[in-house]
Every structure is written in C-alpha cells, then in structure tokens.
C-alpha cells in the first residue's frame, strides 16, 4: 500500500526545522508526474523585506503566495492568469521587525499593509484608540507575528487536496494567551480556497477577543462598473461621510481622487448551513471573487470601499468579522466583543471563490440573490456609533 | 607546563567572531575525559524565536540554559533532574526585535517574560508610568538587549570553574552610557551559581540607575506547603491587596484562581560579610532554591507571590534590588534611586543555591533563622507608597 | 572597445541579489592594477549590530564607511590618515530592529546616533512632539530604514568616478509614499564627496516633507580654537540658552562640562550657482571639513554646537535642511514645511570637502569670506520660536 498523505515540515521550532529556501516538485511529493502541484519558499532580501519569507504554491491553474512571517497572510492569488489581490503603495513584504504598531498614534500597522488576506485580531481589532485603560493599536497584533509549525500536507490521490498550516501565537504574561492554528487548503481544478483558523485561549481565564478577515481586492476585478453583492439583513454607514454613498453601496466608482474610503457595517443573512456570501464582480461579469464564511463565529461584515486613486491603493475590502471596524470601545455596546472561555477554541471559516468565467460569477450572484429574496435588507441611514 | 585556562570567544563584534551553532566537549576544552563539562549553542528558529540564541552548559549534575540574546538571562537550571525555573504562558524565547516595550502603556516587556533570572534596569526598573518628564516602561530596557563579547572560560584543573561572561550595553546619546559586564560561574559538584555583574557609567556625568534581579521559581519546588525564608529587618505590603496576606507572607498556596499576585517590600538583614539570604523550599523540605546577594549594592528585596493558576504562570519571585518594584517616581522619596558616578562602576553579586537534598535545604534555612535570631522583623501593615 | 563602466549589484530585492560579505579589488572591477580603488562589505555581529552591514570603500587616500542598513549613512571618512566623523557614546552600528523611535517621548532615534552623515526626514524631521493630531518622533523615520537597490558603479577611465547608490522607502498606506534614491560619489585624488539624493512622492496627492542633513564632526578637527565659517544672510539663536553664545557662534570651545548644546538657525547666502558653504577648520587651519549644498532645496542651515565633554559626544553639526531643528509644529509659520507635489521629485545636493592641507582650508575660507563680503549678516538676538 502506498502512502496517501505527503507531509513536509517547513518550519518547526520544536523539531529545529527551518527549510529556508526550498522547492518541491510533484514527484518530490510522491504525486504522479502529470499532477501540476509544486511549492517553493524564498527568503526575501533588501530594505524592510529582510527576514521575510514568501511561499509560492502552484496547484493547477492557481498560484497562491503566502507570507509565513506575517501570520500566514495570503499576498495574492493568480487563477487562469487573473490576479486576485491589490496594489498597495506599500510594495515591500515588510518584516515585523520594522513595524512599530504604536507609531503615530497607533497606526504603524499601515506600514506593512498590502496583502489580499490580512488577519486582524485577536486581543482586539479595529481602529486605534483608548478603550478604558488600554490603548489599542490599529487592527491588533497578529498580522505582525511570524508563524511557527508550518506544515505542508498533500493528498496523494484525487482530489489532491493541498493544505498549508501554521500557528501564530499572541501572548502576554497575565493578559493574553492566544494561539491560532491557521490552514489554507485547496484542490486541483476547484476555484475555492478554504481558510480554517482555530483560535484557542490557553489561559485558565475567559478573555475577550475580536477577529476581522481584512480581505482586499483591487484591479483588474475592481473597476468602474464592478458590483458588490451581499445577502444582507441590515446595513448602516460607518460614519457620516459614508451616509452619502449609502444608496450606491453596491456600485464601484472608477479610481476617484479625494474619494478616500466609504465603509459600511453589514449584518449578513446566512443560508441553512449557516454560510454567508459576498461577491465582487467585474464590469463584464466574467471575473469575480466570492468571500463566503460561517456566520456562527463571524456574525458581521465590513464593506470597505477605498476606491481612491490607483496610487493610493484602489481597493475594496470584503471583511467578515466578529466585530465592525470601530475601536473596541464602541463595540461593547453593539455586542461585538465576544468572549472565549478558558481552554476553549473558536473556529473561523472563510472561503474564497476565485471566479474567472461568467458562469462561475453568475452562479455566485444568483445564489446571493436567492438568499436575499427571502427578506429585504434593513437600511439604517445613520451610523450606529457617534464618532 | 600545560595551559590552565581554556578561553573561547562565542561572540565578539570587534574580533568579528560569531560561533552560531556549536558544541564543545570536555576534551575540546582540554579537560580530562572524565570531567563532565560541555557546552553548546543553538540558533533558534520559528515564530518570534528567530534570531534568538540558546546556550546550554552542562557541568556535572547541572544543566544551565542561558539566553545571550536576552541580556544573558538564565532560562532555567536542572540539577539532579530537578528543574529550577518556571512555566510562563510565554513559551517562546522571544527575540528583542519582536518586543515593543512601549506597547499598551509600557508593558510590552511581558511579551517575552519567561526566564528564571531576568535582569531589570538600568536607567530605570519597576512599574511603567511617568516620572517627571520621562515615561518609563516596565522594568527597563536591558533584558531586551542582545549581549556582545560572550566568552567561555574553563579552568583546566579542579575545581574546574566554568565562567560564561557577556556584556550588554544600554546607551542613548545625551542620556545614558551604561555597560554591564555579566558573568555566570559555577564549579563541578557545587550547588551554587555565582552571578557577578558590573555596571559601568561611561559618561562624564553622574547618573541614576536601578537594578532588580527578577529571579523566578515555579513548579515543582513551588507547591502548596512550600515556604519562604528571608532574614528580614522590615517588611511591608506593596499595595492594599497585599495587606490581606501579610501575616502569611512565608506561606505558599496551591495554584489559586483569582489570587493574582501579592507583593512584599523587604529590607533584609545581612550577615557579617554583608550577605543577605532568601530561601524557597518545597513542602517536603528536600528541595529548594536559595538566593543570596551582597547587600552593599542591592539593599532591598521584593517578594513576588504570583501563585495564581498554573496556566497563568504559578511563580514566586525572589528579587534583590537597588529598588522596590514601584515606578521610579515613587522611589525617590524612599531613597531607592541610587547614583552611579561618572566613570565609576557598581558590582552586583547574586548567588543561586540549587538544593536537591534535605540537608542542603536545612542548612540554608538554619542559616537564615540564625541571622534572623538577632532581631525581630519590623512589620509595616501599610504600603509605604500611596498608589 | 572596452567596457567603460563597472556595475555591481550589492543588494537588490527584485533581482534577489544579496552579496553579504564580499570584497572587490581594482582588477575585479576591470580597473588598471595601479588604480587604488577597492570595496568590501561586512555583515556585522554582536549586540545590537546583528543585521547591520558596513561597506568600506577605499579610493586613493580616502576610505569611506557606509551603513546601508541605516539609510546609506556615512559612518566616517578617512583622508590622508585624517578621520572625519565623531565619537558618539553609541559605539555600535545599531540595526533598526533595535530602535524604537517612539521610546521615551519620541527620542529612541538617539539610541543609534553616531554617524558623520545622518539623514533626517522625510515625512517630518526635527524635535519630537505633537503637531496637530500627529505625534512626531525625533528627526523622522528614514535613518532607521535599511536601503535596497544598492549598486556600485565605477568608471573604468580617469577620473575613475566611483558611485554608490541605494534607495530607501518611507511608506505608510494612506499617509506617505516616499522613495529616496541616494548616491555617494567621488573620484581619485579629489577631496570631495558628492551626495545627490532624489526624493520622489509616488502618491497621487501632494504631501509635505522635511529634510535635514545632520552632518557631524568631532575630534581631531574639532578642538579649542577651531572655527566655523558660513556665509550668512541671517542668524538667530535656537532657544534662550543659545542667546548666550550668539556673538561667539564661530568659535569652538574645548570639551566643556555642562556646556550641553548651543544651536543656531541660519539663513545662508548662496553664490551665483545657488551653492551655499560652511567650513569647520581646526585650530592650526590645516585641516577642515567643508559642507556645501544647493540652496534651492535646502534653504536653511542648523549649526549644532554640542561641545560638551568628549564622553558626551564632543561634536558640531553642519546641517543644511529644508527646515530648522524645531518640531514641525513651529515651522509652518516659518515657511519651512515645503510641499512635494504628486509624482514629483526633489533633489538634494550636498558636497563634503575633506581638507587635509592649509591651502585647501584657506581656499574654502576665502571663498566663504568672498561670498559674505557682499552683505553683512543680520543677527537676530532672540529665537524666532517661543519654546
């Protein structure tokens, strides 16, 4: 009997394994020679990249680039030559050693912000500022933490599922004892990437947490005429400025100087399986990205429309979360600061559908319309928070 | 005539020596083949450990693990299979590049806190907060500074004294010009480890300093029924909460949820040699750790009873210092902000006795009782500082 | 036809080139064997140097040491065995991973301050403090940023110009999108080093910037009897303390305890080419350093007289800039917070003349006197800013 699972430790502090620069072909992984799966890792150099790693996973028509030194972020994905991700003015893959999250009133996080999938959390997420005695920096600490225990596993039989997992810890004596086990998995010839992250509170005390999946998409999907579809229970503007664009929340403008960002708080509908859906489709409706997620642990969603100039980072965020993007101080009253009990875990599931045909996009849009057809969205004309 | 001292540069910026991963056996060091002394250094990998080094020194029945990248901290010691140290929720040996001491109001130091011997200082130590125009972060900067000039020296004749020294600098143009030369030394078949640190003010100006040896011990020595012995001139509670446990200051509770920490300020008695003594013994009184130190430069002592749950870090600190654990702002009035004159040095001597037999523990306890027998401790029922 | 330009990539993130430790001789560079040009790079080790690089460029009678990991700073230069630079109490070449610029109220920059040429900028420079909603740390962020795209180019024919260039980026999503291309160049048998830095605003929005060339010189040029010459339109004391030394602004005291620093704001005269000049000559007038610069983009100058004790860092700064050394909040009213338009660049040119003969020094001094002869300096007896 042949082995059915290829397992490869990329980084493991306990086993003292660090593969640094490596590449594996399909045959290295015990796969048939005609199965197009390969992986490589590069140790980056130059400027603020030194220390950063970049893992490139090629599976059939998909290439995923993952940044293990930034909490297993997904930098971008290419499927059928269509890039999913965005173009931040931050070009380097910045190593956390060069990030000071406390800088300039707590916005140093922005110095490294350029990935498609950015995790925000876990002791807190959201905008910087004081919450009681605590000063909270923008979007929490996890994204600027290098992962450990990075493992590649590849099923050696169809559908040849490839999983890349890694753990990231957020610990502070007396305050925080969190560990998150992340996994990214996908199969040949499927347009979906599954993210399953398990956050564990190793403490003997309950603790609050927040999590936002800051998923970001820019050109070429994002363009004038692109459209956003989400099955919505309730939508509200984040702030006064966003009230101006509330009735066009689904529409995308061309890159627009001085647009800055309009942000919307969304309480999503879920289907019978507890899944929620959002879709960004291009103007031609033949390319799009679907972000689906499990409602149980990610009950709200932030739509971040940052359709300013291209240079400024023309980008839309499709962001399921435990919480909105406000500073945590505003979210207690909204019921969006959940608790994770001592020794317990919470699992977050997010799925990316990377669609490169009209039929894929149509199916996703129709599914969302079907879900929305059961009820009309409640539209709150004012922000729920007085900023 | 044979050489009598083996000297080995482990790290030296001037000589451009960096031994990275290495190991030396007794014969490598010119020792007889039956003398059980060896050393190795490992460059750690994974998560926030990347960049960290760990030196493991084996001498007879003792194994000491030292962290040169964290100011020559002692991670832990094993003697006769008895571990001395503690289990912090922080498991990684965190490299300083990932520590932001200014974080969250100055408590980022806690993100890497897990060693048996942690140095606090030197421009300041103690709790975070404002002291006049200066914002002071928790316990000063030295612990998050990698050492240089790391040298192993081994006497090639009995008692085969092994010394590991390293220097750590704390410098800021116009403000601080400190260099500390640390040394850890021990001999075969002795239960003692000697720490001798020399702090030099290289400036042409006098400057104030503070130093605390944050020595931490947990399970298995620490358990219900463990007892603390210190020869005391005066004891006071650190804060109101600690007043509740003042009369049981010598007793150790089992891991206790919501206990948090009780802290006591102690002015110790010294013997005729100017030495002070503290002992933590287990319930069976057959294992214990003695912390002895020279009064001249470390005139006060903090007893940190953090006997909360195991997960929270069940630990007691036996901490000689120039100062108590208050923010420096409170210590000027207490006379605990000493001055080091321009170009002068101050030497700190701390000795760990790692006892694994009832006779060793008995001798230490009897010595402390003998010293205490000359006078009764003054017990202050209120904190000396109004927090 | 032979190649006329030797080009060598030292560090390039795009090309994945990192030469780490290397050395090149004249023949390696395709130069004649009698042309004394060589270069080497060393990866430093020990303490807070780990990660730092040091490039040593030898050209005839000049040796320049450059720190690519600190924004292409010039550590020091030796010409004809005369050292140009200074002796900071900070001895290590500190890697940015160990600098927290937010520390202690924004002065963490001082933990690594020891070079001859230190760039301050670019989103801001000057003293730390609040400017409106923004907290600005001392002298901006650029100096604690490692360079990328480091290239050596050497002309293979007389005058054998050697150029070392590197780029440094200062980026923050939504706030700053600056890239500076630095170059240091010099030729055989000339006493001049040319610095040409081009700052580009890659954003689609105009942005303000500030730039100061913090050029620092100590012993042996700096000594009792050294003299400063600058062609001046207007001079004012930086603060009340500096008013005391205003009439002796050209004179240098011996190392003087408690002198601290006296700082002067200077609006310089320029010659017909738009060049401004400053000179620090030794007491014998046979050694000196001239700092010349283009007025167009560096219209003001700070004279930093820090002639305190040798240990404290006996040093004078000759500092052309867009701005004085005040916090930016004070410089709006002075008209010293310029704007760089979207997609535009600003070029800064600074030239160091490293003079080791009386004739060189005389020529420089005479040139400055000639320029000053056209008008008398306006001397403002009070600081322009009420601190």
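Each chain gets a letter, A, B and C, in the order it is written, and its residues are counted from 1.
As a working rule, a residue touches a chain if its C-beta (ideal position, glycine included) is under 8 Å from a C-beta of that chain, and two chains touch if they have at least 3 such contacts.
Quick caveat: nothing in here was measured; it's all calculated off a predicted structure.
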If you fit chain A onto chain B using only Cα atoms, how far does it have to rotate, to the nearest 5°? 120
Would the interface of chain A with chain C count as same or different, where same needs over half of all numbers used to appear in both copies? different
Can you give the whole-Å distance between the Cα centres of chain A and chain C? 42
Two-or-more-chain contact residues of chain B, please, as numbers and ranges. 97, 100, 102
Under the stated contact criterion, what part of chain A meets chain C in this complex? 42, 44-50, 88-92, 97-98, 100, 102-105, 107-108, 110-111, 113-114, 257, 309-313
In the complex of these two chains, what residues of chain C are touching chain A? 11-14, 16-18, 51, 96-97, 100-102, 133-135, 137, 145-149, 167-169, 171-175, 177, 202-205, 342
